[in-house]
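Going in written order, the chains are labelled A, B, C and D, and every chain counts its residues from 1.
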Amino acid sequence: MKITDRKLEHLYVSKKYDVESSATGFEDVSLLHRALPEVDKDSVDTTTVFLGKELDFPFVIPAITGGHPKLRDVNRRLALAAERLNVGIGVGSQRAAIEDGSLAGSLEVVAESAPNALKIANLGAPQLVEGYGVDEANQAIDMIDADVFCIHLNFLQEAIQLEGDTDSDGVINSIEKLSNELDIPVMVKETGAGISRPVGRLLEDAGVDAIDVAGLGGTDWTIIESIRARNEGNRFKESLGQTFSGWGIPTVSSLLELDVDIPVMASGGVRSGIDIAKSIALDADVAGVALPLVKPATENIDQVTNYLNRLKEELKIAMFLTGSKNISELKETPIVITGKTREWKESRSL
Amino acid sequence: MKITDRKLEHLYVSKKYDVESSATGFEDVSLLHRALPEVDKDSVDTTTVFLGKELDFPFVIPAITGGHPKLRDVNRRLALAAERLNVGIGVGSQRAAIEDGSLAGSLEVVAESAPNALKIANLGAPQLVEGYGVDEANQAIDMIDADVFCIHLNFLQEAIQLEGDTDSDGVINSIEKLSNELDIPVMVKETGAGISRPVGRLLEDAGVDAIDVAGLGGTDWTIIESIRARNEGNRFKESLGQTFSGWGIPTVSSLLELDVDIPVMASGGVRSGIDIAKSIALDADVAGVALPLVKPATENIDQVTNYLNRLKEELKIAMFLTGSKNISELKETPIVITGKTREWKESRSL
Amino acid sequence: MKITDRKLEHLYVSKKYDVESSATGFEDVSLLHRALPEVDKDSVDTTTVFLGKELDFPFVIPAITGGHPKLRDVNRRLALAAERLNVGIGVGSQRAAIEDGSLAGSLEVVAESAPNALKIANLGAPQLVEGYGVDEANQAIDMIDADVFCIHLNFLQEAIQLEGDTDSDGVINSIEKLSNELDIPVMVKETGAGISRPVGRLLEDAGVDAIDVAGLGGTDWTIIESIRARNEGNRFKESLGQTFSGWGIPTVSSLLELDVDIPVMASGGVRSGIDIAKSIALDADVAGVALPLVKPATENIDQVTNYLNRLKEELKIAMFLTGSKNISELKETPIVITGKTREWKESRSL
Amino acid sequence: MKITDRKLEHLYVSKKYDVESSATGFEDVSLLHRALPEVDKDSVDTTTVFLGKELDFPFVIPAITGGHPKLRDVNRRLALAAERLNVGIGVGSQRAAIEDGSLAGSLEVVAESAPNALKIANLGAPQLVEGYGVDEANQAIDMIDADVFCIHLNFLQEAIQLEGDTDSDGVINSIEKLSNELDIPVMVKETGAGISRPVGRLLEDAGVDAIDVAGLGGTDWTIIESIRARNEGNRFKESLGQTFSGWGIPTVSSLLELDVDIPVMASGGVRSGIDIAKSIALDADVAGVALPLVKPATENIDQVTNYLNRLKEELKIAMFLTGSKNISELKETPIVITGKTREWKESRSL
């Protein structure tokens, strides 16, 4: 299967099957209700600055699709919505489009549709090992006129694919090099298994400018790959995916793990504006929701903007009900942590 | 929809649908059984003084209905029952009756039917922002010959109604002003989302005379508004209600949060005399049960008094079985806290 | 209804309906398995001395039936089994037989059938308040040639019966008097709601010689009374019983609560020899099982002895598997406490 | 029933019925995901040395079958697979084959089929009490050309069989003697009820060279014996088995209990390479999986090797994803412990 077709298949599988794992930890977090907000909800200010750009609310559409003729419209709709709502937008792995220039167009549409929005280019860590460097990164950046360059870590997914790229030796050096040499900020993200405290430190020390935890709890690549393997009749891969389902650091635990001074993005099972607010209260700077955008993005742009507007309104209400006039106040709002997340926190002395 | 009709609709929705959220936290509290009470149950003294009036037992019918011709009988039944059992009675928001004098009669019946009972007038915080002040408060007070004036905080409900009143700026000043200028005690209550430690302090500092936590766990306004939105075909409001269902501080956690020297009322999911006893042992002074009174109050007065008598008997038995001769002794009875409430307590260092 | 018929009805209700409440706490206790017992199971010594008499294993049939012609056979079977296995046997309240001498015969059978077994006479605390004293106690003692005199505390049951005896004032003085004046040891037991730390101290200070916690978790009198009320069509009493179901101190928590130097009996949901072993490891001296004996005792004596033999064998295995050569070693065997019982322990600083 | 037929029956019951108990504790353990492994998965080194022999990965097929003509093929398949994958292999109790020399052949096949693999001979502790000593041990060793001699502790199983061998007095001395006098290392294992801290110390002090915890959570002998008893119509034994089901120390708790300096094997509910990795991170040296091998071993050798290969691949992925280049690094990888296992740990101050 060609890389580009794989991206397409991922999208379809994630749309058709239930590919979410359950425990993000958001259910273990309560924002402390403030019966007397002493705020006018209409004056609640959701704007924030992330990696140098102001966003209307602390939201970034995470990396979802890559380059493929059939994905052009999906990319366009997401980009248009990002532009309209002035939030960030990431694209999925641009590897295929770099290897096959004819695919670039389906991604360039992002730059055209979202000229002002914060745009995030994307390549995978395995490519760095295979030799990708500043040149390829710049190609990816130029392709969508990106403001940020993002490297995704997906070794769980690679590992259970068997034929996947599982050499991660030296990745941190490549990341450090890109951080030094690229002109724009560099972000590193996971893809559903979260970032631990030591990995967070490693990345910060390497000069990375932001981290997206992309923790366990939402889109589960072990399930997606297991379904693909079943459809291919590969029992061994199917069972590998099942065995590793549930592997990783739940999103909220990952936010608790992180102890860095660079901006943090929360993704992985974020499902409402309340979850965005919880993420911020847990010290994230922005949050992202991927899976629930897949269906709207394959249909029409209004569905995408409606969904984003709902998230924004929910966040605003959550801010209002915690008496947070702006994002910095939301960061300081008290939270209550219970259940398994509380146990994780204690067990890890976080 | 007129405000007055909204009150009517609230009553009907709460009667017809399941509008309770589940976790009050009372299930996490045990009163320590005293096998040897060393008390004669018949001599257990349930009387208490709340805001200057003696009650036969520490119970106040919470604010339920407002002014509306069709609600006259409901108000009358609740008032008659309060008078017979010598407990307190609150009325729901009197805003409509203040704006439209013709509605006042349906509330004045409370004064007529319960001349001696502790009566609590009621207006919402949003009205204070809109300019209501001492004059309107006095109108509300006079309407039912109230002993206490109560301001309810319902910003959660207002927020998810979208068109709701969500300017809470300056509310605390208005509350302080009313506390200073009114001749009778001023109480502040939530409406299903609870009061946190900082808000409790704020209210005490503003000179408020009593607080009703009205915490999460009983009548859930997010569910009620979601049902109303569904009936109106408004999908966005319907989903907002669902997303915010579960928002707030559970009643027991709210009692643990409070750290004030003024009297406290417990409401929100109180469902038996045992729950009343638990509330007192958790340092409340009185408790209230709203939702289960809705059906009896729309039928006949005996059903209301029977229900109240049952609560009183249960409270008395709980006092007897903890060896509490009177309400002050009940306050000192040992309790055991487990489960999620225990985790809340620890997480918040209460 | 006559008192004596009430005892009969209790037996039938407990036989026919599910009258057990669930959480004894035994499920939260693990005995630490000792893979290398270094013991010959055949030489495990289960004998113990309780209140001056040696028992073949630390078991006492708790108070179950009282005086009634129809209960004569039940009493006889239990007594014969106690004699055969050399365990203790208590009888239920002897009040009816004291008030109506013609009923005494159905209890005297216990003395005849179990001449050597430890026999425990029984009267309720409410009778002490009504004036019963040394005379009546001696009548009860003589009736079954008792070695121990037991007073049961059942104020929960009395309270939810409405017409029950709920004057407990002065009970402790009467208990102290009996402790001083009777020639045989005095035991005090609950009847399904457990003994707290302060009540345990009170009893010890009053000179009581033993305590049976009879905690929450097995036979639940609130359920029994609720069923009886339903059968009588008394809705109020029926609902009272339901409301108070679950009231009390679970058996294991009660064993943890107790901090006395007198012997302790564990009852309330004990359902196997493992539970007996857990009770001993939790510092009880003997244990009792009532409800599961009801059916066998109404059928034939072999069923009773079989049941007791099974308990004994299970206890012996549990002792063997913890490497406990005798009951004193079992007392020292390590235990693990988890779940709600662990939370109770922490909440009460036990 | 002859001993040898009993082994056969055990195999069939474990194949046909659900004989697993549920809570191993592995579900309470998370390995901390390392998003940036900094390792090439292909270079992950799973080899380890256990009791003097190098294994391709830290796995030993636990004792399963004994000597019986019908078990010859089962033994051969397991041995061939062990040889091919270069892992260890234990055999089940060799008592029958020692008592009846004609059965030895069905075990000697192990030596023939696995000339190079680590082979573990096996006798039960009860035999030591009955007089087995160095001679019989050497017979067992010679029969399969064993590298290790293993004594299994199965007193739970013996106890609930009633006619079982339940004299464990002096076992530790016999173990000490064998440890001193045999030329090869001596291992001691449980059979589904785990090893506690004190027993671990006792064994280490006796000179034992390795311990297999064989904890609660996988194959449950109380269930197997209960099923056998039911099939025989023996109600008492059937119920004994049910009562003791759940007795023991869960595998993970047992690993936490152990505080010894000799090698440790984890078995009892190990069900994937992730569980093997968790075991190592919990300080075990090797792990074993018995029950899931029963069916493959009765069918053909490929099924056995496939299963083992799957375990190895899963372990390798788990090592890769925790950034563990080799088994020593895996031992140091951080873990998170939650749930009941966490409570066990705290309750026992482990």
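Heads up, the rule we're going with is that contacts are C-beta pairs under 8 Å (C-beta built on N, C-alpha and C of every residue); 3 or more make two chains touch, one makes a residue touch a chain.
As the structure is a prediction and not an experimental result, all values here were calculated from the model.
Seen from the C-alpha centroid of chain C, the farthest chain centroid is that of A.
Both chain A and chain D derive from one sequence, and where they touch, under half of the residue numbers involved are common to the two copies. We define each chain's centre as the mean of its Cα atoms; on that basis chain B and chain D are separated by 61 Å. Centre to centre, using the average C-alpha position, chain B and chain C are separated by 43 Å. Against chain D, in their complex, chain C makes its touches with residues 30-43, 272-274, 310, 313-314, 317, 320-321, 334, 336-339, 342.
Chain contact summary for the complex, chain D toward chain C: residues 125, 153, 155-156, 159-160, 166-172, 190, 193-196, 198-199, 202-203, 216, 236, 239-240, 243-244, 247-249, 340, 343-344, 347-348.
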